[in-house]
Amino acid sequence: MIAWRLLIHCTDQPGLVHQVTGLLFKRGCNVIVNHEFADADAGRFFMRTEFTGDLDPGDLVEDCRSVLPGEAVIRLTRPSRARLVVLVSREHHCLADLLVRHEFGELPAEVVGVIGNHAELGSLTGRFGVPFQHVSHDGLSREEHERRLLERIRALAPDYLVLAKYMRVLSPEFVAQFAGRMINIHHSFLPAFVGSRPYHQAFARGVKVIGATAHFVTDELDAGPIIVQELLPVDHTHSPQDLARSGRDVERLALAKALRMVLEDRVFLNGNRTVIFD
Amino acid sequence: MIAWRLLIHCTDQPGLVHQVTGLLFKRGCNVIVNHEFADADAGRFFMRTEFTGDLDPGDLVEDCRSVLPGEAVIRLTRPSRARLVVLVSREHHCLADLLVRHEFGELPAEVVGVIGNHAELGSLTGRFGVPFQHVSHDGLSREEHERRLLERIRALAPDYLVLAKYMRVLSPEFVAQFAGRMINIHHSFLPAFVGSRPYHQAFARGVKVIGATAHFVTDELDAGPIIVQELLPVDHTHSPQDLARSGRDVERLALAKALRMVLEDRVFLNGNRTVIFD
Amino acid sequence: MIAWRLLIHCTDQPGLVHQVTGLLFKRGCNVIVNHEFADADAGRFFMRTEFTGDLDPGDLVEDCRSVLPGEAVIRLTRPSRARLVVLVSREHHCLADLLVRHEFGELPAEVVGVIGNHAELGSLTGRFGVPFQHVSHDGLSREEHERRLLERIRALAPDYLVLAKYMRVLSPEFVAQFAGRMINIHHSFLPAFVGSRPYHQAFARGVKVIGATAHFVTDELDAGPIIVQELLPVDHTHSPQDLARSGRDVERLALAKALRMVLEDRVFLNGNRTVIFD
Amino acid sequence: MIAWRLLIHCTDQPGLVHQVTGLLFKRGCNVIVNHEFADADAGRFFMRTEFTGDLDPGDLVEDCRSVLPGEAVIRLTRPSRARLVVLVSREHHCLADLLVRHEFGELPAEVVGVIGNHAELGSLTGRFGVPFQHVSHDGLSREEHERRLLERIRALAPDYLVLAKYMRVLSPEFVAQFAGRMINIHHSFLPAFVGSRPYHQAFARGVKVIGATAHFVTDELDAGPIIVQELLPVDHTHSPQDLARSGRDVERLALAKALRMVLEDRVFLNGNRTVIFD
């Protein structure tokens, strides 16, 4: 029996669960786990079903389409290894964490390439048998740099793009290429401390907790839909450098957790919010 | 339209969700939220559906019974105010928390009575307009004391019995009367530190985190199904008294959270474990 | 032997700990616990010593002054019950929490009065034997309302003023009267979601964690020195109302914890940050 | 100016802080941070001072000895790189975490060798330029296996021995060689679930939170002084395998945090408890 995941997102209306589960029941599929959520205010319906069964995937999607509203987004996936490309700058901790998880089978994906605007992390990447490309931004306009990045990324045909402490702002044109497929780790508990040097901002404000936020990237800097937020208590003895050091631990945890959610098809976009079936 | 909750617990088999949602769809009911969980190892199926609809409750239960396995436990409830009886000894914090929540409509239940084996908490209870009864254990055998307790409790006809820092061990015979309906707050992160003086045990062991556990009461002391666990970091500067003081905050939080889960019909027993749809 | 707390805040310079502990040693005092912190960037020194001893408090402060820099702030206190006045509006949860802790000796202070700009919480307050005054703002200018508040507050001679969900903005003139002595509970994880309706803001932003912040009040709205921040995970199923309900639990925890810190003389102001010896 | 750490542990008596800080003041040393703790019940005094100064370390220790009780433990260290030997079996996550931190200068120590009773982790270790030795236990008595281990360990002259998921029980004789210098990561929130298969135990008990405990190793299995405990919420949908997977994240966090505390000389043993100045 083959394992499948059926993901549906559409306008809410009565009977959706009954109808969709009926299509699976009719085919003798065995539902393992089922999640639904209706956003009453927005009138949106979200459903995720894990099941096993022998079927023609096109047929099932066709059948779903016949019972669901016209604008329904329907995905039928199999727990295979999505292709990831990771963008980095100089900081190692999130990349190292992903490479270790990848090496030992904890990341349900294939890291098909790492691209840095600096060369530093090439050695680390190489030791895990993953190709590293250095695409420097030196002396280039943002447009030209992004053009070169895009070329390399497209050649790798990723399902998802991961910004693992990639420290340059990307243009709306670049971002638009990967809507809902680009995940960033921001080093603060958003929406507090958007922008640069968040640990210095946090220190100056005297907060007692710091955080990290993994989110989808949208046009607006640091304002995309939040996937995971992790936190850590701090106190008056911590310098901005201490905050940054502590922050590295929550950053990589938040990013790893967000990636697992996304790769297991547990995350739906709902406007600027996320629905997560975990 | 009337709001209902349908709760089902039975042997797992294919098509259950489809069949049950079909019964609701047929009646024109509007599902608000739906949770299912199949425990694959135990072969058990759990389902909780909130919906609105005009129906004859007996009819729906009948229909459910016709499509579900024979041993299915089926409950159809309405979000009404369950009746609670609270048992206390001398410590005030959990009782005060419940009385305040009750007074201000945060506890979806009616506290119909408080019974103490000591008299101290009568004044507090009275100020919130709830009847207090003192049933002293002085000079009584456990059997006789429990007999008197039972008499008072039965007269109050509670749906649930809450042990809010009730410090006497209850006999298996007493416990059996309230299987799945008696909730206790234990002052430790069970299964660590079962038995008495858990904060002294925690201090002696030098733990760095303390906790509280809200659980259903069963025959075996401190071994019943866990509903909620809350935690708090501590350090070497804390005495057992400090631990106990900090513990009071997590105790009342854990108990309040567990009660809300139970009163909203979100908790299923699954052997000695719980399934919680929150 | 009498218990004392010596609190010192001054420019940092070598030998401060040695000199101050020498003054205590000379008098045969017994140090129970000692905390120091030097803020290297700001060049500030903070010290808190709990000790027992028979001494003339004026003499010790005099001696401290002779060995400390001219601008040193020196306080010698005894663990007595500070006088608290609580300002409220309509929400009960923080006030109820303080009243219960007060009643059962968990709050090391005397709540000498509660003042509400609405009348609702008078009944609750009265049940705990604390005087309640209703000072309505209806039809009054802010100046006039604050003048009336100040009159009542001054008559109660509080050491600290607690804003327990007091929902009106106070003028800089009012705030200036209680610099370092007025504690507010803000219903968000500051600096995220300053201003009004933070739970609606948090919902709209789709955050995965909400929080509460207890802080000293300064001229700038929601920008005063932070004392305590408490947090709670949330998810896509929570409405703004759910967030607010969950928030009530962290709000009262954060406020109670902050008050205990302040009342035990553990909190120093350091510019717009706090130094907390806990 | 050279940075030093002075660590003192002795019977408590009046004037200790004054006397020790006097010795530093006399030499013109500049105290950066100072921590003291007196365990009133046990009558023990703990002090840790970070300072800068040009001095003869032997002289200062001598002077300290002259003012401190005879049994005082006095250590004067410099923030250098302690030598670590890591013992592993088959699980990679804690080792990988240490190797990454080591490579990027986040671990204030030198990992001088990794020894496995299985060969699997040799490849990972080698990629980080750290020598790996395979000392199989196959066909050997425990005594003989430990003799071989000891031989290799001694040749590496470690300051600390780290059990990073080393899955064999060590004899009291072995443990005695590294009293206060051997740190283990246990995959549960001790004292809950001592012994083997803690995640299966946790699943069976139906707990709602799992944890990991970093502790010093003593004769008694899983009963040594606790350094760090980290926790994670879980629910009814988690299998023992899910718990183990989640557990890996808290295990490596707890171990890394404990190691940093130990390597920065922040941890004192106090009977079977620890005093930690963080």
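Worth a mention:
Just so it is clear, A, B, C and D label the chains in written order, and each chain counts residues from 1 on its own.
Definition applied: a residue touches a chain if its C-beta (ideal position, glycine included) is under 8 Å from a C-beta of that chain, and two chains touch if they have at least 3 such contacts.
Keep in mind it's a predicted model, so treat the numbers as computed, not measured.
Taking the mean Cα position of each chain as its centre, B sits at the greatest distance from subunit D.
Looking at C-D and A-C, the interface holding more C-beta pairs in contact is that of A-C. Although subunit A and subunit B share one sequence, what matters here is the overlap of their interface residues, and that overlap exceeds half of the numbers used. Per-chain CA centroids place subunit A at a distance of 41 Å from subunit C. Note on chain placement: the centre of subunit C and the centre of subunit D lie 38 Å apart, centres being C-alpha means.
Among all residues of subunit C, those that touch two or more other chains are 33, 37, 237. The part of subunit C that touches subunit A in the complex is made up of residues 37, 39, 41, 189-193, 204-209, 211, 225-229, 231, 235-237, 239, 270, 272-276.
Within the complex formed with subunit C, the residues of subunit B that make contact are 33, 92-93, 96-97, 100, 103-104, 106, 124, 127-128, 237, 245, 248-249, 253, 256.
Touching subunit A in their complex are the following residues of subunit B: 14-15, 17-18, 21-22, 24-25, 28-34, 36-38, 40, 233.
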